[in-house]
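Accompanying notes for the structure given below.
Every chain is named by a letter (A, B, C and D) in the order it is written, and numbering of its residues begins at 1.
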């Protein structure tokens, strides 16, 4: 059974290879092939899942070792896989949602002449992402880690002819590279500390390493996580990443890739458990990001950017939970999965809306769409309810648990984190309601497209609606299912679990959650439900304007890194030319000048030559005598 | 004295060079094919060497030794260790592609006279360089190595100065002037380095009495050859200077951008991917092998210079407007990594450095040759003159991207393996240096992606609208290189098996042990 | 008297000759100064020969004269041909080649 | 008073009764090379006198080549007969030493001269004048340039076949110079080869004014220097009471001390010794062309007929260095600690001076002149080593260098335009495009000059520097390395000019030479490459020849 693990990665990888090298002759069938292969790996995943359920909770982990990747004295990097409950969860999420989005893309990319390549990239992504979660050592994980980075780069920049897309892609890759730096440094520290970087030995022997080392490793891993999961301070790329086709935003920048950071932290649980300082930083980053994302989400008029902000915020929840240690890990993952469902659903919904509105993204130019695209409306609505944590829906369960855990952290920290999460919940409710209202309710604010055509919204084709429906089902049921099917017990052997005891009763927390949710919805209704929404965005408060610009984060980056960097490189180019090169050329010139001057001595007059001879002789004599004298 | 395989590997291209040069002016194409066949034959021989070499065996294998100039204590001594084998393989592998890529680079212009035979000369010179480079990887006699180290400058010089890139901005005279400036700069830099090395070589003779690498190393090991600390340091510096110019190491690097900018793309590849490797190779074999103490003494300074090269080269690459100069500065950054790995004096570092030499050779070849194809189409080296190429020539753009990704050492492609080894090896001895070096990977991403974005993406520029995509010949150049990159990225074992023992020898030369993990490793496997 | 004085004289003559070479422009005069230097040498030879009491020095003096004579032949030939070509015997005029 | 002192027969005669004059016995076999050449010279004078104009050229060329070949054969025979090593001895009553260095250098000089004579005899390069084939020498050297007389001479197809006897005399002198074993012979030999050279410089066919000017400068300065030499000899004679090397050496070592109070302030007076030594050195360094006695070199090299320049540059250097070696190693070994520092200085300024000034030259012949100065510096570095390996390295270097030089100048004779040889560098632009072969050959010579490995230049340079370093002159090696780096620059410049710059429209043409010059150039290339690739046999030869007889 273990030997199937490699296939999980191999099948989609094969698909990518075939589709990318296949050439035009695959244009017809390419997308089907891609979808098929994604599905295949999903079913393999299911098979393994079934097999895993068959075993007792403690020996569910499977391993498969292919070959030694980098054999160097004292440095063994294997291509080897490890499939335990944690990986399993991800495998199912990735391949499952992945397959759905493949299906969705068939319709969505129908009119794009480079659809084959798009599917090739999607397969590549699935393969890389699976490699990331299946690796049994940090270096192989790094392989997958950068692999998804590449896929995301290619997909964000899929419409390369749009400069904005190309820039966004580049930005995403670069910011991620900063994170990757963290990961590679973490691996180096591990290697020098433990002499290996395989999960097993490293995590087993954390006890023997010094506090400082572990903290260092933890922080470096966090840096990596921030890069991939768009956490403050490396979150800036996610918003721009929405330049990519919507299925990409749904799969990579909502459901799966951006959650890799959470995976990394949970996977390294032992390290963090032994490094409280690192954990604290993790929670802080999570808390900050969840507010940051939420605030940004409130201000955006671009529907995808609003959702992107929400994604940031939700991942903030997960990171925060992961930072809480054993009381949080499980719920981090749980929220991750449910979020995977509803956020993917929301994005697909948004995509379908844009599809109907000739790719208009500005929500202020929507309005009253619910009658024109009922399916989209319903599925989107369910996703909406799920994310704001409407009781009974998936988001309710997962988020509620995180809030509890946050309080359970104990002490002032607990209170602070808890209230932050609550506040986050309120804002979430607010901005999601805002999206909902601006898009589907109120009167039409449609604008004609550039060639004067008025949009005529229509329901999307089957290939698009079916995935939406399935995801909607997921977003409704997943939470409850996990709650009652025992998600905690499922993951516990891997991540460990400690029941947290919040200072106030769980019931109270739940009540509070619902309350703030209602408040958020209410506020949004007052602002966007009652009065008409202006087509042109009002200037808005200082905060709003800042939030529209991602709270000036980009401006900061631009001012410091882009402009500053340009100056540095410019001046270095100058230095290289004038100084480094100048010194050499200067010497050459000096010798040349000397030559020119000496040359003048050769003035053609025999008597001058005689003088030099005479002088020379005199010097010779003097020198010889002098030698004897001294 | 067994069959002189090593001599043959160098003799074949040398003979081929002479034959190619002798082809009459009219039969240009014949000369090209001849050169290609010869280079392929050399590749076969190199493969034989690779196979015949037993990783577990003697340090130097397939040795040959004949008296040459006994007055100077010079012998014609050949022998390869794993590092040499790897680099010979690299050279023999790249040359056919270089020839193929430069197929039309030296076709004579209508104006030139009938007796002027540039094409024959071009390919003959390339083969001559190959012969000398291969022989210098085989030489175990310091003098023999020095002779080749210097002699190979001459054909390189004619390649750079005689066959410039036809795509240039400004008038022809201007271009010719710049070209000969670049060629002269190349020659003088390396000649000065070489001459300083000559002084050291002579000094070595005075001290040691002969030039045999093995004998001297042995004598040093068993203490029969004492070297005064200062003498050793001076000699080391003499050697290292020459190699640092060739490598090139900051601040001796400025000849490289000019040379690579003005030369045709294949020649640029020849410079950076093949010839410059002789410098780093020599650091590993001669600096560390002959002067271990001095090497250790100089390590801190060299590490610093290497770090500067890494960051500085990358930053300048970002600041370039000329595609080929950008690649040149990128190479400077990479050579920084190689030197860093060599002088980190850890197994991982040095294995990494050796792999890095090979991988950098292949990746740069891929990137530079594709860039060359692009440039030859549009007739300009300026990044600003391109845009949206991926729309009109997707395959070209794709291969270019892969080359770029290799350059920024993406996992799955060969350079990642070596770069990571170098980083780990460095970190385990010099953590700070390791961390500073890691910034290089971010900068690498920056210059590669900026280059790709500016040239390949965005709206299609008017001038590039008509560019054709890669032709069969060009695909034949690029595809195999990419294949090798991927293969070595996923399965570098064949290479590491050969390299590891050699690195162990070098480590014992400098009497260095790897730093042990602070936490004793609990059973490696679970 | 002490033969050493002849040496001083020889040295003096030699210096005068050298100075002449350095100062005078006319090729003929310059050449004559060289001859003067040669003769200074002869004087030195003869003196030393006397002091050492062997005849080597005197013999050498004869050789020197012969050589000097030969030099005159060659030298005058060259100088005269130059003079005929340029109508000037100044060494400074003959400076086509410089730098 | 020493028995082996030169011409002691005269001095003894003064005191001995007349009836027992021992006949001086001359070892004719050992001296045969010199005698052959001198004989040939005299015959060729007679040829000038009696053979009708028509036949002279052929007769002269035939005669000189034959004589030189015969002389070379004689040298080889002597060397084979062991006269270079075991049977090395001092011949002609102590006047001439026949030993390894002498034979080696004589052999080198003779070979160089043969190829040089070929270039003398070249008559294909210049376009035929009034239907007469002409060489690079004036129709009638005596005629005033541009005069009616000259035109008549040209019409009549006169040629200056006197160059052959002159050359032969010069060669004879050069053969004696490095073998001279007493200061008088040294002086006479010097004059014997100098005077013909002065004349040879004056007889160029083109640019006659420059040629004559070169002759004047060379003559005046040469005479000036030989005056210094002679005075130095006088002082040394005064110091040692003899001019024979052996005696002087012994006095220097203090083996002989005079008892005669009359000599108290001369005999063994070190001031005399040192000043005398310095002045003799002046004379030799002048011929070698070392800074600051070099200033004649560029002008003379430029003005003289190019074949003569090549001949001078090669043969004169060999002879002069031979004499220098013998003087320093045989006469003044006891003085090493006095002359070494001085020579250090000279060597350094020569290497650097030659290299630096050469950078800005614009005339190919002047360029080569300065390069020859720089090379003199390198050779001096080897001389200073003061070890047998130093001697052998210098011998080897001289052999290698002379062929490169003659070859290079021979190539210069090929590149011509309306005004004769086109020696201005700008004219050489793009030569590589127009005639790749010639350019390539010249490039080989330039690379050899620059000391690039696999050429004789490198082997020689390495040998010399190695010897210097062995002899403890490491600093000299460093300076030498630096100056060769500088020197490399201008050799490279010429190569750039020939290959990388576009040919000029009014550029010079490359004349197709006859077999003679072709032979010369080929010889140059072959020697350059052979000595670069497999120098060992020749190094062995030089080693065997590196012992002076005392």
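A few remarks follow.
Convention: a residue touches a chain if its C-beta (ideal position, glycine included) is under 8 Å from a C-beta of that chain, and two chains touch if they have at least 3 such contacts.
No experiment lies behind these values; they were computed from the predicted model shown.
By number of C-beta pairs in contact, A-B leads when A-B and B-D are compared.
At the far end from chain C, in terms of centres built from Cα atoms, lies A. In terms of their C-alpha centroids, the spacing between chain A and chain B amounts to 37 Å. Spacing of chain B relative to chain D, judged by their CA centroids, is 46 angstrom. If you average the CA atoms of chain B and of chain C, the two centres end up 65 Å from each other. Look at where the CA atoms of chain A average out and do the same for chain C: the two points lie 97 Å apart. The multi-chain contact residues of chain B, meaning those touching 2 or more other chains, are 188.
Of all residues in chain D, those touching 2 or more other chains are 216-217, 220, 224, 228, 298-299, 489, listed in ascending order. Within chain C, contacts with two or more other chains are made by residues 18, 21, 30, 91, 94-98. By the contact rule set out at the top, the touching chain pairs are A-B, A-C, A-D, B-D, C-D. Listing the residues of chain A that touch chain D in their complex gives 588, 591-592, 594-596, 598-599, 601-602, 604, 606, 608-610, 612-613, 615-617, 619-621, 623-625, 627-628. On chain D, the positions that touch chain C within their shared complex are 1, 5-7, 10-11, 14, 141-142, 144-145, 184, 187-188, 191, 195, 198-199, 202, 208-210, 212-217, 219-220, 223-224, 227-228, 230-231, 233-235, 237-238, 241-243, 260, 262-263, 265-267, 298-299, 302-303. Within the complex formed with chain A, the chain C residues making contact are 18, 21-23, 25, 30, 91-92, 94-99.
Within the complex formed with chain B, the residues of chain A that make contact are 20, 63, 67-76, 79, 139, 142-143, 145-147, 150, 153, 157, 160-163, 165-167, 169-170, 173-174, 177-178, 180-181, 184-185, 187-189, 191-196, 198, 200-201, 204-205, 208-210, 213, 565, 568-570, 572-573, 576, 580-581, 584, 588. Touching chain C in their complex are the following residues of chain A: 599-600, 602-607, 610-611, 614.
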